[in-house]
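One chain, subunit A, appears in both complexes that follow, with subunit B as partner in the first and subunit C in the second.
The block that comes next holds the complex of A and B.
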């Protein structure tokens, strides 16, 4: 497949680097201000080196990437809330041109799921978004394989918050101290709000709810509580009882909730560090657990490229 | 799809009961001595009641099920070693008739993988066998979705052995005592050899090796050690060191091994009771863990029916 990659951060850059290994070729790439297009296939190293040294992937306008002759648009620009722009417009333009779309960006499928599905219904293109939920963990393809059997999902869907809670519990340290440590390690962003307030986990749960219940949930439908106000004493009390605290997202009975929850200290949901886990309840297959790396450029890019491999051929 | 189900034990019986829920219909079923065929679709309750009361699913010969007009042959007869008969002949007949095959029986894909693939290559039919590895856990479809990225697999692939080891460790009881308890609970067979000697786990690992390395491994290529001779004192020593013992199957670097291994007491591989877990090492997606129910009639049938849903249409 010929790919146009929008967004040249960790994920977009890794898609550019790994596409060839999966038998695909990137013919266009754009960051927020520039683009590079080559219908013979771009040289990943040259593009990424140009971005590092000159601050932009190329000398063309972003629009040139959108109008390139690609089969699949890979949307890996940063997640935005509300109207989910500019990601949503990128998705719309690709579908109107009867092209496939693979999203790593959560915005369009969390905030405007019904609009995306309506555009897809009128298009020859297909929309997939495995990378938007749980990074490298194949959550959505597992749900698809279970053919409507999944009745509820829950899990740890944010590695930053999980790292902080794991360290607070293991070392008896306070939130601010561990957050600073996580920022030094690059596990937390300079502005950690999205992760520690539960927004990122909630967006993933909203996407899960949209897929499981084929409905138009948005972030506004989720009850969300973060971990920024969690006192270290709460973790100590939990430990005395053989339990610990994790930021758990839940999609069940038509509701979406994210918040700190008590879980058994050595239980399935108490994954450590930056790991993510998703637990699926099913009608006949019992409970399935899938854990792995929920973030990271190469890991998330591998989910994007797995989606590309699942797409039907285009006429 | 129209299914012919060979084998009317826990798995075959559950496929019969659940097929309708997945939008399929069973037109033939056979146990070891009799068959029932109805091209309009069999009544699951009537067939299973007949089997309970009269000892056979119907009054026709087994051959009548094999020659019925079905789309997919579901092979759920007991696993046999060596020539993998009669399962292998059932697979051959279906493929020669250009029909699809879905296996819960491990024999043909563990012991005669190259023969099965050769028959498939000459057939319009496709062979799938998710249910043969890890019951309800979608191991093979996850591997397929990872598109050649999986470099090694390991895990707990036998619920009976895991139940025995979990109980020995938790209660400080000896092997013979816990085995008797497991037999009372129906978790272990009256003859537990296949499970406790590691044969069942090894067959699953051989299948994984065949899929991962596209090769013709058989049970003879596996180094297999069971748990029947494991003294309770080994578990006590492990516990003093924060570890426990699990029967671990490993497929890595072209070798297949099954044996009792030390694992961290609260680590990912130390699942409890009858749970199974599979850990996949990948080139770009890090390490993935999938755990769930590795056995059970409905659970395994759900994997069979998920495979049926993945099959391409027949001309």
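The block that comes next holds the complex of A and C.
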């Protein structure tokens, strides 16, 4: 397949680098201001080196990437809330041209799921978004493979918050200290709000709810509480009782909820460090647990490229 | 083990005072999926039959608990009382905030008065910095099937006093 990659950060850059290994070629790439287009296939190393050294992936306008002759638009621009722009417009343009869309960006499928599905219904293209939930973990394809049997989902869906909580519990350190350490390690963003306030985990749960309940949830439908400023003493008291605290997202009985919760210290959901885990309740298959890396360029790109492989042919 | 459908149980055992007896008594719990919460080994206290009473708190699902009690008995461990608390349910929450300044004993009283809730146990950890938040772990006992209401009562009282509640992952997911 010929890919147009929108967004040239960790995920977009890794898709560019890895596409060839999966038998695809990238014919267009764009960051927020520039684009590079080559119908014969772009040279990943050249594009990324230009971005590093000169800023910008090429000399073309972003619009040139959107109108390039591609089969699949890979949307990997940063997640935005509300109108989910510019990601949503990129999705719309691709579907209106009867092209497929693979999203790593959570915004369009969390905030405007009904709009995305309506556009898809009028298009020959298909929309897939495995990479938007749980990074490398095949959550959505597992749910699809279970043929409507999944009744509820819960788990740890933000590696930054999980890193902070597991470090606090293991080392007896305070929140501010561990957050600063996470920022030094690059595990937390300079502005960690999205992760520590639970927004990122909530967007993933909203997407899960949309898929599980075939409905149009948005962030506004989720009850969200973060882990910011949780004192170390809360984790110590939990540990004295054989428990620990994790930022858990729950999608059950038509509700979406994210917040710090007590879980058994050595239980399934108490994963350590930046790991994520998703637990699925099913009608006939009992409970399934899948854990793995929830973020990272190559990890998330692997989910994007797995989606590309699942797409039906066009025409 | 699974987080849903898990209840806390208390098992009271009588052990012969011999090396290895305690381990032998605990193995069936771990082997059958129970999560040991605490062991109270009353070494100084001997029953009229010369045995040592041990009280074990554990978490398990109901089927697991039944298997555990059966396995204990099969292993020859004297089970005095199993799941006497069975028809009440326990849940543990951690409260975070200005617990002392907002009158902790009044907080507990309000929770008890909300009905169906009794606070069985409390551990408080106050910060060295008086401006910082303190934490308290509460073990709440509710009558069977009333844990959701008990949790609502805890939430309501906490909201009134601007306290954060870290809830267990059990409610609603059964």
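Side notes on the structure shown:
By definition in this document, the second predicted complex is superposed on the first by the 315 of 315 C-alpha atoms of A that agree within 3 Å, B and C clash if a C-alpha of one lies under 4 Å from a C-alpha of the other, contacts with A are read in each partner's own complex, and residues count from 1 in each chain.
In the analysis below, contacts are C-beta pairs under 8 Å (C-beta built on N, C-alpha and C of every residue); 3 or more make two chains touch, one makes a residue touch a chain.
Just so it is clear, the structure is predicted and the values come from calculations on it, not from any experiment.
Of the two partner chains placed around the shared chain by superposition, subunit C is the only one that A:253 touches, whereas subunit B remains out of contact.
In the superposed model, A:109 lies in contact with neither subunit B nor subunit C. In the superposed model, A:287 makes contact with both subunit B and subunit C. When both complexes are overlaid on chain A, the residue A:240 reaches subunit C alone and has no touch with subunit B.
Legend: residue contacts after superposition of the two complexes on their common chain; A:4 is shown touching neither subunit B nor subunit C. In the superposition on chain A, A:29 makes contact with neither subunit B nor subunit C.
By the touch criterion stated above, A:268 is placed in contact with subunit B and with subunit C alike. By the touch criterion defined above, A:136 lies against subunit B but remains apart from subunit C after alignment on the C-alpha atoms of chain A. The residues of subunit A shared by its contacts with subunit B and with subunit C are 266, 268, 287.
Contact residues of subunit B toward subunit A in the complex are 18, 22, 136-138, 141-142, 145-147, 149, 266, 268, 282, 284-293, 296, 298-299, 301-303, 305-306, 309-310.
Across the complex, subunit C is touched by residues 152, 154, 225, 229-231, 233-234, 236-238, 240-243, 245, 248, 250, 252-253, 255, 259-264, 266-269, 279, 281, 287 of subunit A.
Considering their complex, residues 1-4, 6, 35-38, 59, 92-94, 96, 123, 125-127, 132-137, 164, 166-169, 172-173 of subunit C touch subunit A.
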